[in-house]
């Protein structure tokens, strides 16, 4: 028979362990939820400073109002109120490349640069030089810089300086955040316009500096969003808007004739 | 045009608010993730004691090892590694009536009793009397008592006394937990056997005592499980087992002839 | 080692079987998709008449325009265009008790009555009598009759007479459809108003008459809807509306102060 | 107010239209389900030959026994039997890059080559020459050829010649299938070994030849699989295996110590 190793939850008739610790006496009442989520993902207990930066990231990503994911969760609950799990899962499925994906894209992008440079710069001038090379290379390949630009916060995303500040307070301003900050300083000289470092991007940089697995950076954005979507459902229960959203679309549908694809072909 | 009211996330070009507070200065770095999840769901900021009880519940529910939900998340990631959101959503979809549902069922069941009694008992003897009525009534209707019994922890679920202890330390041992404890004391006299109060049930009682919306109790179990499923994915990345699980099933498939449904009917 | 019996797909290095038949030579090119779906669900091959009724049901349920499920699939694709499977899955998650559920509810409701009566009526007068008892009993218990009433097609759902007609043409007008028709005739005398037999309800009756498993009637509605949701995505690719739907909500959000739950309590 | 154009479902109090046709009189009972799915995706009605090829593809992809997606659907239903939609959605979420993705990858790959060559070859020798260039170019870029190779059907996937045959019978052996066949003939000379053209790949080629939107080829595989997953649920209801699968994993879990990530770092 195959065996399936795991360091996560395990139980015997008289005890339950999680991450090698007794769940009841060592985890419950002792470990905060953000701390536990970090611990589960890395199998190492974070320091209080790491937990604070991590929870600041989760706060930054938890809810952005009527995003597609929030609308989807509310509409799914309207349609299938028997399944809270379905409404939450549907909302999370919007956490892909376009909306929540920036966090992961930015963390991976920064990590590629950081991992390719040894030794890393030791001062702002060195980071600026590396950032300049990086921005130029992306521009030559006509690729966007992940984390740069925001459709609403054009003159600055308020989450960005705050997360730098918190990371600095905790002594956790590592290479990914340093490079991201430098990109913020140097990109106008290359791109000929000044774009804000956005909140999703700085969150990806901070998560990478915390040593979290890059393949799962999107997962932390989804964890944060799960809390936000529960908030959306709780508000929907008391101040429902989903039916009005549905009707605003359905009542404004405009029937048009079919448009055969590929164009010009039809057996109908 | 319709308007869509919300007290959750909102933004202007220069600011982002969440729950009426400035996200950057008042939430990030100031509010833990469990605290924020509670706040989002109730639109009121919990006290430190409420947060501790809430986070103890989340810790109790975060991961139970190789549950169906954990296996599902790992298998889905094996099959579709391009979509972390899909793997997490698939796992959460198992959070229904049988596994994660006990938390919500127990909270709702206790609340029905509590809401129907005014005034509520003021001492253990009073709670025992109410619990006795309740257990007898369920038994007469041949209905199970949610939260009673566990297939592994037959002589006691270690999470249960610990959560009572934490709630008592924080002065948050309210009517739902009181009734649940009394059910634990009196049920053997009615059922002629002694069953443990299980962890999922005590979590439901504690969440109900915290004043969280009963319709969403399952949602908090799902939030906890999201952190656990990220842990499962992180472990799968380093110690993969999903392919072996898949093969252990696929290689042991046993082809059998079709069995027509309804029996006896076949046009084949 | 455990063994896992199945009559569905199986393969050896040189052959693939499905339902005990050679997939390549006996199924591909020989069996239509509706026919195959029926066969997979019942493990018996349907007759041409059964297939025609089944496919008529699927056609009736495939797409109803801008339903919540359609909007959800489009919004999820907007947000996560990397995952077609996520967009389809999100849409299907709205197939619950309220929208797609009527089909299953109606089939189960009719089956309960049919299964409890032996022998069943042999003429319209007999069905009317049974329908009258059934409608009266539901009314006394203040329960709705599944399948009765429609918010748009108040004077008659055009799918209903057509499905009766197709079933009659194929000699498949069985007890569930007979009872449903009789409910349509007799309910005005009990309810003092005339409601249409709706399309979702007649589909449930027809699926029950086809001998399909009642636990999965919702599943067939979801299969039909999967085809519809692919149509929605195909149209979204060429005539996108999801972003406009999103903006019509987001730009009309109205920030309001938090409303603590339960009312009156706040530690904030 | 914005308007939302659609050629799909629309209704008035007295009529329902789908794709510009009267649903009740022109679609129900007249249009098969595979035909309808094609029509919904392209907004043009397929010819009988196109429908036959399309349905042969759906048959080829509907069920492959105990795949991860099938196991996931069964486990999710075990855990949340209240939600058929959740069980189906969870299974579909495994339809990503690794398992169901080959169909789409192969169709897109072939289309890139076909779209870049005008005029296209007019005989087998011409196709072989183009295939040779294509295989060589992929090999130089160290990229795999989508659709080539199978872990079980090493000497030939039985679905492949059958689908070529059906397409030829219907006069629908177009450029994508022609190129794919040529790749099958020429690749041994470049790769120095003979690999089978697999069933998922030939399905992608056939779907591309049918003129279906390339962005949604995965969607058709998911439609086929939805029927298969309903079959899996129907069999699970009568011959349950999910609990045994779950226990075969859970009872063989092997607790191991946590392994901190990144290696060597731990605050625990």
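Should a chain be cited, it is by its letter among A, B, C and D, assigned in written order, with residues numbered from 1 in that chain.
As a working rule, a residue touches a chain if its C-beta (ideal position, glycine included) is under 8 Å from a C-beta of that chain, and two chains touch if they have at least 3 such contacts.
Quantities reported herein were computed from a predicted structural model and do not represent experimental measurements.
Student: Over half of the residue-numbered contact pairs in common: that is the test. Which of A-D, B-D or C-D passes it against A-B?
Tutor: C-D
Student: Write down the chain pair with more C-beta contact pairs when A-C is set against C-D.
Tutor: Output for the comparison: C-D.
Student: Express in whole angstrom the distance between the two chain centres, defined as the mean CA positions of chain B and chain C.
Tutor: It comes to 30 Å between the two C-alpha centres.
Student: Please compute the C-alpha centroid of chain A, do the same for chain C, then give the distance between them in whole Å.
Tutor: So the centre of chain A lies 36 Å away from the centre of chain C.
Student: Where the centres are mean C-alpha positions, what is the separation of chain C from chain D, in Å?
Tutor: Inter-chain centre distance comes to 24 Å.
Student: Return the residues of chain C touching two or more other chains; collapse runs of consecutive numbers into ranges.
Tutor: Chain C, residues with two or more chain partners: 1-2, 4-7, 10, 41-43, 65-66, 80, 82-83, 85-86, 89-90, 93-96, 213, 234, 239, 245, 248-249, 253, 259, 261.
Student: Is the way these chains touch best called a line, a ring, a star, complete, or other?
Tutor: Its topology is that of a complete graph.
Student: Can you tell me which positions in chain C touch chain D when the two form their complex?
Tutor: Against chain D, the touching part of chain C is residues 2, 4-16, 18, 22-25, 27-29, 31-34, 36-37, 40-43, 52, 54-56, 58-60, 62-66, 70, 83-86, 88-90, 92-96, 100, 152-156, 158-159, 161-163, 165-166, 169, 199, 213, 215-216, 218-220, 222-224, 226-228, 230-235, 237, 239, 241, 244-245, 248.
Student: Spell out the part of chain C that touches chain A in their complex, as residue ranges.
Tutor: Listed in rising order, the residues are 1, 65-69, 71-72, 75-76, 78-83, 86-87, 89-90, 93-99, 101, 234, 238-239, 242, 245-246, 248-250, 253, 259, 261.
Student: Per the contact definition, I'd like the list of chain A residues that touch chain D in the complex.
Tutor: Against chain D, the touching part of chain A is residues 1-7, 10, 17, 19-20, 39, 41-47, 50, 80, 82-83, 85-86, 89, 93, 211, 213, 248-249, 252-262, 265-268.
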